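Consider the two complexes below, in which subunit A is the common component and subunit B and subunit C are the respective partners.
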Partner chain A sequence: MEYWQLILYAISATMLFSVLAMGFGFILRSTKFFNIVYGGAFLIGGYMMFLFYRILSFNFFIAFILSILISGLYFLFSYKFIFSPLLKQKASNFVLLIASFGLLTATSAIIGMFFGNQTTLIARHLSDIYTVNIFGTVLNIIQIFAIVISPILICIFAFVYFKTRFGRAIRAIEDDKEMAELVGVPSDKIFLAIFFIGGTLAGLGGIAEGFDVGIMPSSALFYMLPVIVATVVGGIKSFWGAILGTFILVLAQKLTIIFLGGSWEQAVPFVILIIMLLFRPEGILKK
Partner chain B sequence: MNKTWKVIVWIVIVVLVVWGAVALLNKNSIDSSETIKIGFLGPLTGDLATPGINAQAAVSIAVDEINKTGGVLGKKLEVVYEDDLCTGATGANAISKLINTDKVVAVLGGLCSGATLGEAPIAEAAQTVQIAYCSTAPAVSQAGDYIFRNVPSDFFQAKYVAQYLTEKGKNNVALLTVKNDWGDGLNKAFVDAFTGTIVVNDSFDPNTKDFKTQLTQIKAKNPDAIYFIGYADVTIPALKQAYDLGIKTQFFGADGWDDTKIWDELGNIGDGAMYTIVGTNSSDAFKTAMKAKLGKDDLIYCSNYAYDGLKILANAINKAGSTDKVAVKDAMYETNYTNGVGSKEVKFDNNGDPISATYTVKIVKNGKAEDLK
Partner chain C sequence: MIEYIFHILIIVSIYGILALAQNLIMGNTGLLSVAGAAFYGIGAYITAIFVTKLGFNIMTMLIIAPIITGFIALLVGITFARFRDDYFMLATLGFLMIFHTVVRNWETVTGGSYGIVGIAKPSIFGFSLSSPNTFIYFAIIILLLATAICYFISRSSFGRVLNSIREDEDALKIFGYKTSTYKLIVFVISASLASLGGVLFASYITFIDSNLFTINESILLWAIIILGGIAKNRGALLGALFLIAIPEALRFIGFPNEVAGLMRQCIYGLLLVIFMLYRPKGILGTYKI
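For the complex of A and B:
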């Protein structure tokens, strides 16, 4: 029975991270660099929800829609005002990475100034997040939400990515941006759309974590690092790679806690990353 | 850049340099004679902000009282407050600033053991007396000749808890500890002191918020009590997750749980939890003053010790008769402080630790912590 509980917990963690990693993968494949500002969108989503739902007492759904809109816009603006000009100047990946770190640090600091650096819980009362008993195991409603919604989201995105014109345009840009532009793909518009959608996904993650366990400004990097590792391990070039990578990573982390103890949990992503980079840097899934 | 711009830039530079020099000169001549400065270090932001700000309020009450009765060495006492974020790295910078820029005579701080252990080497090297008002890690005893504290070492808290648990028949205990200086020290002392069985001894990173896996394993082992050593940021999710899992086992915590934020956030979820704190001797006058200062009824035990700490420093400076650092240190070792709001009596042993230690147990009822009768 204890094992079912552990398995259920691992599944819910995987679901959340895989949606985050999927969104991150889109950005990575199209702009070809690790955009850490994704973590900033995660924070903005969570903190805006805190602001609207808990401080201003808005209705839950209104607060939710507003928050993911704002996190999407935040990420979109980061593209429009920072990354787009840099990309046009053909800035190196290194410069883009540093710029993204800079923006994330600034975002975290500003959030810290307004909301404080302690853990922030979005729920109005922690007892609001009630638990459900499933055949002797328990899950709280956030986890159930993650387990139910994530596969749906992934399927929707997979459908759009593989079966629609929009998805084909994205794939074209990922393969070769210049060629795509030559055949008439409006790459700037597509980028704006990808960034907005990616921002909403990250914001959704921030809101979920904010309800479940609480977030703080340093959470951005705390959640980004496993997301990045999962994406690299699963395969940078593949849509399903991020999801596979998340699965492997979360499994490894939970097994480590069980067999080696909790203090090793944070080391696991890095150990896996190093092993992958040594033996198969392109990741498990090629395309 | 044309000629006019260059001239403007040069004028700005000259003005800044002259202004800076004048300010520096003025600063040096004004502050050495008018006030006695003591530095205060505490977590004014971050995980331990609630106890930190609480302690700051207590110190400001003590300063007012001291100044009303003639100040220190006949001069006004001024406290310079700095934020150490409960970490050694920030604390080291903050204490350097206090010692070198503000030229404080002594330092009251830190609150967190990790912060104090980062600050102490700098105070020791500068031969400046530092008294920590809430740092309980055993390692602080060896932090230096100039380093004192008026709270006892966790060596004693661990013994107290171990004895208490055994008395109450809790012989199988699961141990979950945060990985920082305070947690490590208390964990080790408890393992040494406890005579029962420790069924699980696991730890976690201070940034962790997911204890589900570890709690599931602990639940399966069915211990008599779970001793959870952590501050607010980790305790809130951990207790919520334990509640979700339906864990009915008695939760026991350490002095880090004396933080109203934890019980306010958890509401009834935290009810029944117990924790130890260093005993206090609050007077009604102190409680009233704190309530007035904070605007609400919220007294965290570190504040009692911060208040006492400042008065102990003031007394030592008065006893030394000057701000000479060695004299102040020697006076500290001769401290015989009575009727404090922290402990009834404070005397230091040759490690700078207080010679006596009392502890009490608090229990959480209806989202508020109260003394266990």
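For the complex of A and C:
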């Protein structure tokens, strides 16, 4: 029985993280560096939901849409005012990484100043979250949403990415930005769209985490690290890589919890990352 | 009052040492590392454990801590030296996280999240260096030592090879240099130097826990180096003076401690972004990165 519960939890965690990893993969493939600011958008999503839903008691759907819009805009502006100028100057990844770490540090500090540094749950009480019994296992509504909605979202994105004109433009930019511009792909517009969509996906993840286990500004990075590791492990060049990587990562984490105890869970992604970088740095799935 | 100024100067010299160590790897060699905080923490923890549990003198720790930390860095570095750019950063980030997990979970040795208290202050020939007025000499001597080492390295032929790794690693490989060996050596030296900062910190504050050595410390070190000027030893020292001493003044304006800490973090973060946008090489820096 306990294993069944663990399996369902693992599935919902995997689903949530694979959506996050998918969004991160879009950003990574098009800008070619590990944009940690994605974690900032994740935080903004969760905390805006906290502000609108819990403090200002807006209607759930209005609060939800506002929050993911704001996290999308945050990410879009970070591109417009910081990364776009840097990418145009052909700045090295060294510079880009430092800038993104700087922005994330500043963002989480500002959020900490407004909302406090402790763990914040969006729902008033845990009992506020609707729970459902499935075959004797209790899942909350967020976990159920994660299990049901994430595959749908991933399918929609896969369709857009592989079958539409917009997706083709994204893939062209991922392959070769200059070449894509030469043949008339409006790269700036596409970049803005990718960043906005990435931001909303991150915000969505933040909201789900905020309802499920609570979020905390000082550990913005620690929410993102498993996502980064999953993307690298699965293969950064491939759309499905991030999702495959998430499955492997969550599986390894849950196995660690069973055999070694929960407190070692945090170290698992990095052990996997380092092993992976040593033996197959391009990830499991090649393009 | 004079004691307070000495206190700040001690903290500045600790961060000066850390910044010099970080500059070796980040400025001279051009490798982005967040492991600085981890080696700083390892130095502090080794000191705390050896002094409180085994009764060692702090002075001997100045030799033992760099050796042990260097050895750990050697083991880690053998794998890390093969990576470059983003992947090196990711690997060091992983190392920092593993360090944290180990420190939090290995409670019998590290005290878990409670940390270790009651670390002895240093003393020489029965003369105790317990107050800031006397500890400052100890701190300054070690800072001078670290500065001398860093100047020696950056002027030596070894330092020139490191600079070329930053500029063009592939070209250097074509000339037959084994760049990964050079990266490994500088990684070990930088770790040993950073552990000296940890020794000083542990013996000065006499209390450590794992929250003191987070990624925010590494971000602060980045900010110090970038502000001062990348690949400049002078820049690292100047940056440490600016970024440690000036925010201390925020305390007098009367913000509560937690908010002041967050404001500082916010300033460090924004500084990094602004410098990256407008002057990525820092104030004194001359290299284009």
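Structure notes:
The working rule: the second predicted complex is superposed on the first by the 286 of 287 C-alpha atoms of A that agree within 3 Å, B and C clash if a C-alpha of one lies under 4 Å from a C-alpha of the other, contacts with A are read in each partner's own complex, and residues count from 1 in each chain.
Basically, contacts are C-beta pairs under 8 Å (C-beta built on N, C-alpha and C of every residue); 3 or more make two chains touch, one makes a residue touch a chain.
What you are looking at is a predicted structure, and each value in this text was computed from that prediction instead of being measured.
In the superposition on chain A, A:155 makes contact with neither subunit B nor subunit C.
In the superposition on chain A, A:179 makes contact with neither subunit B nor subunit C.
Residue contacts after overlaying the shared chain place A:263 against subunit B and subunit C alike. When both complexes are overlaid on chain A, the residue A:254 reaches subunit B alone and has no touch with subunit C. In the superposition on chain A, A:97 contacts subunit C only, with no contact to subunit B. By the touch criterion defined above, A:278 lies against subunit C but remains apart from subunit B after alignment on the C-alpha atoms of chain A. After overlaying the two complexes on the shared chain, residue contacts for A:106 are found with subunit C alone; subunit B is out of touch. Looking at the shared chain after the overlay, A:117 reaches both subunit B and subunit C. Between subunit B and subunit C, it is C that contacts the larger number of residues in subunit A.
Common to the subunit B and subunit C contact sets on subunit A are residues 112, 117, 218, 222, 263, 266. Contact residues of subunit A toward subunit B in the complex are 2, 5-6, 9-10, 13, 112, 116-119, 121, 125-127, 129, 131, 138, 140, 209, 213-214, 216, 218-219, 222, 254, 257-258, 261-263, 265-266. Residue ranges of subunit B in contact with subunit A, taken from their complex: 45-47, 49-50, 85, 176, 179, 202-205, 207-214, 216-217, 219-220, 232-233, 236-237, 240-241, 244-246, 261, 265-269.
Partner subunit C is touched in their complex by these residues of subunit A: 33-34, 82, 85-86, 91-99, 101-110, 112-113, 117, 218, 221-222, 225, 228-229, 232, 263-264, 266-267, 269-271, 273-274, 277-278, 281. Interface residues of subunit C facing subunit A in the complex, by the touch rule stated above, are 30, 32, 79, 82-83, 85-87, 89-91, 93-95, 97-98, 100-102, 104-105, 215-216, 219, 222-223, 226, 258-259, 262-263, 265-266, 268-273, 276-277, 280, 289.
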